[in-house]
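Just so it is clear, A, B, C and D label the chains in written order, and each chain counts residues from 1 on its own.
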Amino acid sequence: MLENLSRAYSTTRRFSEFLCEPLEIEDYVIQSMPDASPTRWHLAHTTWFFETFVLASSETNYRPINPHFQSLFNSYYNSVGEQFPRSRRGLLTRPTVAEVYEYRHEVDRRLLHCLEGLSGDEAERIGHVLELGIHHEQQHQELILTDLKYLYSCNPLWPVYRPSPPEDRRPRANPKQAAWSAHRSGIVEIGHRGEAFCYDNEQPRHNALLHAFEIQDRLVTVGEFMEFMRDGGYRRPDLWLSLGWSTKNEQGWSAPLYWVENDGLWSQFTLHGLRELNPHEPVCHVSYFEADAFARWSGSRLPTEQEWEHVAVSAQREPQPHPKETAHFHPRPLIDDGDRIAQLFGEVWQWTSSPYTPYPGYRAAMGALGEYNGKFMCNQYVLRGSSRATPSGHARPTYRNFFPPDARWQFSGFRLTRDVSAVS
Amino acid sequence: MLENLSRAYSTTRRFSEFLCEPLEIEDYVIQSMPDASPTRWHLAHTTWFFETFVLASSETNYRPINPHFQSLFNSYYNSVGEQFPRSRRGLLTRPTVAEVYEYRHEVDRRLLHCLEGLSGDEAERIGHVLELGIHHEQQHQELILTDLKYLYSCNPLWPVYRPSPPEDRRPRANPKQAAWSAHRSGIVEIGHRGEAFCYDNEQPRHNALLHAFEIQDRLVTVGEFMEFMRDGGYRRPDLWLSLGWSTKNEQGWSAPLYWVENDGLWSQFTLHGLRELNPHEPVCHVSYFEADAFARWSGSRLPTEQEWEHVAVSAQREPQPHPKETAHFHPRPLIDDGDRIAQLFGEVWQWTSSPYTPYPGYRAAMGALGEYNGKFMCNQYVLRGSSRATPSGHARPTYRNFFPPDARWQFSGFRLTRDVSAVS
Amino acid sequence: MLENLSRAYSTTRRFSEFLCEPLEIEDYVIQSMPDASPTRWHLAHTTWFFETFVLASSETNYRPINPHFQSLFNSYYNSVGEQFPRSRRGLLTRPTVAEVYEYRHEVDRRLLHCLEGLSGDEAERIGHVLELGIHHEQQHQELILTDLKYLYSCNPLWPVYRPSPPEDRRPRANPKQAAWSAHRSGIVEIGHRGEAFCYDNEQPRHNALLHAFEIQDRLVTVGEFMEFMRDGGYRRPDLWLSLGWSTKNEQGWSAPLYWVENDGLWSQFTLHGLRELNPHEPVCHVSYFEADAFARWSGSRLPTEQEWEHVAVSAQREPQPHPKETAHFHPRPLIDDGDRIAQLFGEVWQWTSSPYTPYPGYRAAMGALGEYNGKFMCNQYVLRGSSRATPSGHARPTYRNFFPPDARWQFSGFRLTRDVSAVS
Amino acid sequence: MLENLSRAYSTTRRFSEFLCEPLEIEDYVIQSMPDASPTRWHLAHTTWFFETFVLASSETNYRPINPHFQSLFNSYYNSVGEQFPRSRRGLLTRPTVAEVYEYRHEVDRRLLHCLEGLSGDEAERIGHVLELGIHHEQQHQELILTDLKYLYSCNPLWPVYRPSPPEDRRPRANPKQAAWSAHRSGIVEIGHRGEAFCYDNEQPRHNALLHAFEIQDRLVTVGEFMEFMRDGGYRRPDLWLSLGWSTKNEQGWSAPLYWVENDGLWSQFTLHGLRELNPHEPVCHVSYFEADAFARWSGSRLPTEQEWEHVAVSAQREPQPHPKETAHFHPRPLIDDGDRIAQLFGEVWQWTSSPYTPYPGYRAAMGALGEYNGKFMCNQYVLRGSSRATPSGHARPTYRNFFPPDARWQFSGFRLTRDVSAVS
């Protein structure tokens, strides 16, 4: 097992650096808002994770690489010690980007060397933490992209992260018409099963009772969202949750994040630059509030996370790897290929109507790693699926992503559901 | 039906005024924080509700009593029109308290007169709204008490709302030891049944799947909460939700609201004045965050709202009327009278672990009254039961009260639950 | 001397209560913004001043009337002890208004009794503090009016403090054309002279060097200010101080405070109710920033406080008593009566271009009363003259009033000055 | 004249780049607080100044180098157009540092080329603006240093800008004892005279009346300031202006900025790293509030700006050039060399008690350059002299620097003054 993990470790670590290839040094250091972190911080924090939770407990005669890093790059692990304040991550010019890469490479070297010597129980224990660290770094790979996108969007020069990949310019005919797929009521099993990796919040596997529902076989599109806007969607309080309405007003929202109007013409900022809106693309960068308002406007609702998981599992859908070469970080219009249920993975995360709560019988992991998930189960909503920015191998049908209902800088969209009784 | 309702209307209206008997004019006008409203505003707003939703649609040749009142006393009904900003309710010195009472009495007079002439469908339609208005006013009766308590607590003179009732000074022997009562897993029915009044959020009645659990037969007490405090409960981040921990730090919480320390001695401010802590009382005025942290510290958890409702329904418990004469507005220590499950109603509202969400198949009412409940289903938690401040006739086993997790000025406490698997 | 002071004391104390005659209890308790205080607080604080600085040091066997009042009604005297936070003055419902009047009357009774027994040095020492207390209460009399005006203006019902006095409805012909009056450069004496009362900030009397200037013989009018507005005065950054421009934008100013536009028609809220703008009235309720911008627009400037004082002293002008019966609290249009220099006193306070700084050789008084003036000499501007709200006997040519440059709720206007070199 | 100016231009431009030699790319981009700007922004903004005010009006067929730069690098010139918000200067990762240097060099090339062709009136007009631009860039050279210092100070790694120069480690014997030097009252001339460059705020030259005073012949030292601290200087409200006291409490000040306490031992962060406090150094990085409180504590006061200027002019003191090679950016202890008045220039800027106001007869320049000074004359205080960070050739006796009274990140100290009457 450790051998495979060593390989996965190296692959994952390299992919983080691949994502940074197009960056200027300037792009690494700025914190564009409290929720986002500088790229350099992501690179250092994921390394800190391996140093703190793997190296420190498995290396003989371990000594901290830099004692300051223990707090500088600790995100929120109170059990590990003090944390440099999150809102001040963008005030650090040192360690420099070069020094952060050195830090990464030293940890890589020492950690791989250290793994070679392990065996038995020790190997198993360390293997579990190592695996968690790999998935942790993958989460930050997505954050590197979403945080960079937000950062670039603050600049009137609209920097381009990478040019559009060729496939992105291919014409796409026959967009799929939305259809409803029906599911009966009954008890289903929810949560992770088997030996493969999952986070603690996907467990324990347990029974859940579903009520009959219908779900759309594709994501809501840009074109549909524009209809909502034309129908006064952002001006009708009856469509919104009360907190959504006040948030919208305070933040001045009148379209999804990154949409830019110029003389009545809409375009959107993407990691591949500013471009025209494509009505057949899934709508992206909407908050839970906007998704919920759209659903109410359309006479339907968002699915619960249990409904979503049941649909994905019944369809036997698994996320596909993104070919790294494409480096295509924007959701794509859907061609109708007759698929019964499409776009579950790999385009945009999908808001569900489920507040992020512990599963029945949930136990957080022991020790510091118990802070990974459980303590955030309040005032957040679950998103399911995965996005164009999610690294290959990271998504799965039981995966529970979560963000506060006003978050818009993630690649977040939605799909519609309705009660069956509402149909007849 | 209208005859009974007329009687209930008059009783309810009089009870609001009974609650205000001890007040000075000064007590009516101040808004002590954004979440609280001046008493005068409560008196006027509940009247506005009857004027707007009953009188305006049932009185012949109806004309507004004062056109300004339409926005001044509209709380959050966007469908009805503009609202005077909530945070500025305390800037109004006019209409005076006397004028608000005149307004109340004029609406009472006209409304009762108007009801006499109704019959048939019209009577039924109006009857439903009238009933809602009565329950609405009862909710504000509780808010009058909680908002006054907060207001008085800002004053170093510690004003007394009413002197302690005699029963409050009676000695109480044999406090009840907590015991766990077990419930099997299975499908249960949740939600309101029958013809009696309920809010739309208690419907539709539906099946829910419970997992085996045990619940304590009484509320957590002041004495138990002090143990938590002595054990560093407010200083240990591992016990808290992340948002709870930051809220606690920002707000500087180190004890429940209204607890006052003086030279190591704790007392608490009540509507009957400042008094010593009684360890056998239910702990009160804690946030969801504190209830949740206590539960984690004790190795248990809070019940879901479905668990709570199932327990109350199985025990065939119904809330008892408060004799108005007692006017006792502080939770009481529990004597062990052998009851299998105690303190479900009438002491403190009980935090559940359930975010406030729509029931499966939930439909908000049509029109403006649809704004009553549904639009608040976000970032709030359900509380069950009722408190010393809840008026007689207002509580029921299916009732869903809700507040944000940081709210402490309500009479809020909690009871513990645990998974059965955790026991063996 | 004490006999006269006793009389002045009683007169002043009665005048505060005269000002409150039209008030409802509700009007006494609300704090409408951090800079304003509830009327009840003014009544209590001025009484606290006499209790603390006179009674406590002159009464045999003095004991505090209510120990809580020492901090509740201490404004900013750190030497005296803790202060109840200024921003929370509006959270107190007790002591009630009636109790505050009782407090006033008890202090009056005891203080007058106590004065009778004094003589010699003791009488002189106490006499000085008593005199200061009288002028202190007069300052709060003006604040009672300005704070009430602000409070009423928050209410869409536009409460009327007192009906307009008859003189206010008299037609007024021949408004005065503005003319410039010239003053040569030279050394002049500035500051208070003689035995009569003054504040410490008016001393020591000292030489100041004036440069030749011209000053307008009347105040800037509403009509002139509207020209400025029509000429884009609120939209041209070149006319404003940088801090003024950002303040204006943040606060959303587009006219003087209390001006209300309705369908292109301007009216203004006054203590006598809402009324049409009168173009011949002095403009009032403008900030320093607006006065300064108007002056720049008109090619002139505001006078320094030394220029203003020199003009007033040379003209041998003294403020006139307001007949209490008129109770006319709004600045009046000026009839041309041939006066060489008009409206120095009794209409509006006049912004000068002088930051509020200590005079050369200034010494604050010893002890707590040294906190009266000196510690506020930062980021404020001096206003000279007096207003319709200034009580009789309070104004004098050397009086230095002061407010931050963004303050608008005082009766503040201005008059224009220019350099002589700018004329030729 | 243009030839000399061309030389001065090139020298100044090179010096900005010399200051940046020790920087990593990371150091250029971060905005550490709203008052500070990224180094890159300073480099670009000073270039924008030359492009906008010189190149655009003197180059034939001028076209903007990058139209976006017009708003991106406009600081506060409303007459020129929109400004990218000051508080968001740190969100820009592009143009990169390299591109900013290219921008600088292109403007340099074109501007120098353009100057060669000028003569006559045009040369004179452009010459004046060019000279202003040079002095403007010098101001930003000081800001580059102060903003960098603040930025580095946010980092627990305490980055070193440059190592200490050798002279900084030389032992220094015989610190100077403070002595008072007396000045008689009388009329003096204040303001710039002659043809050499000055800002508009130093004019017109005019008469001012001074009252007799005494001034200390050296700056207040670290050692003296520690006495103030030991005597409770930061805990005694009687020593502070009211606004200073509340600012101190809100900001949590208990020592000058950059002082760091560790186990009772004080050190300070400098551009040459963290080092022990030297009691003989001038105290630095104090606000006006702290300087004023110290002066009150010591029974003296701060000088007015007229007093300061008169002292400097009478002593015939002129600032000395800093040898660039030393690159010593921290104030130095004073050796007693018998000088009658020392440390007027080149160590720390000196707070005066003078609010920043226009001189009698002041006229702002015409057009956009009129926004350079005048519009900031509100709620700021004048500082005189110059600091270790002021570039050679920038200081002069009539120079008026200005900052708000709470500013601490400049190299600001003070010297004491007292009234003569206070002495005898």
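Here is the rule we use: a residue touches a chain if its C-beta (ideal position, glycine included) is under 8 Å from a C-beta of that chain, and two chains touch if they have at least 3 such contacts.
Source: prediction; values computed, not measured.
> From the options A-D, B-C or A-B, choose the one that repeats interface C-D, i.e. more than half of its residue-numbered contact pairs are shared.
Repeat of the C-D interface: A-B.
> Nearest whole angstrom, what separates the Cα centre of chain A from the Cα centre of chain B?
About 38 Å, centre to centre.
> Suppose each chain is reduced to the average of its Cα coordinates; what separation in Å results between chain A and chain D?
47
> Need the CA-centroid distance for the pair chain B / chain D, whole Å please.
60
> Please list all residues of chain B that touch 2 or more other chains.
Not one residue of chain B touches more than one other chain, so the list is empty.
> If you go through all the chains, which pairs of them touch?
Contact pairs between chains: A-B, A-D, B-C, C-D.
> Could you please specify the touching residues of chain B with respect to chain A in the complex?
76, 78-79, 187, 206-209, 211, 237-238, 240-245, 353-355, 357, 360-361, 370-371, 375-379, 405, 419, 421
> Please output the residues of chain D touching chain A within their complex, sorted ascending.
24-30, 32, 68, 71-72, 84, 88, 90-97, 151-152, 154-157, 159
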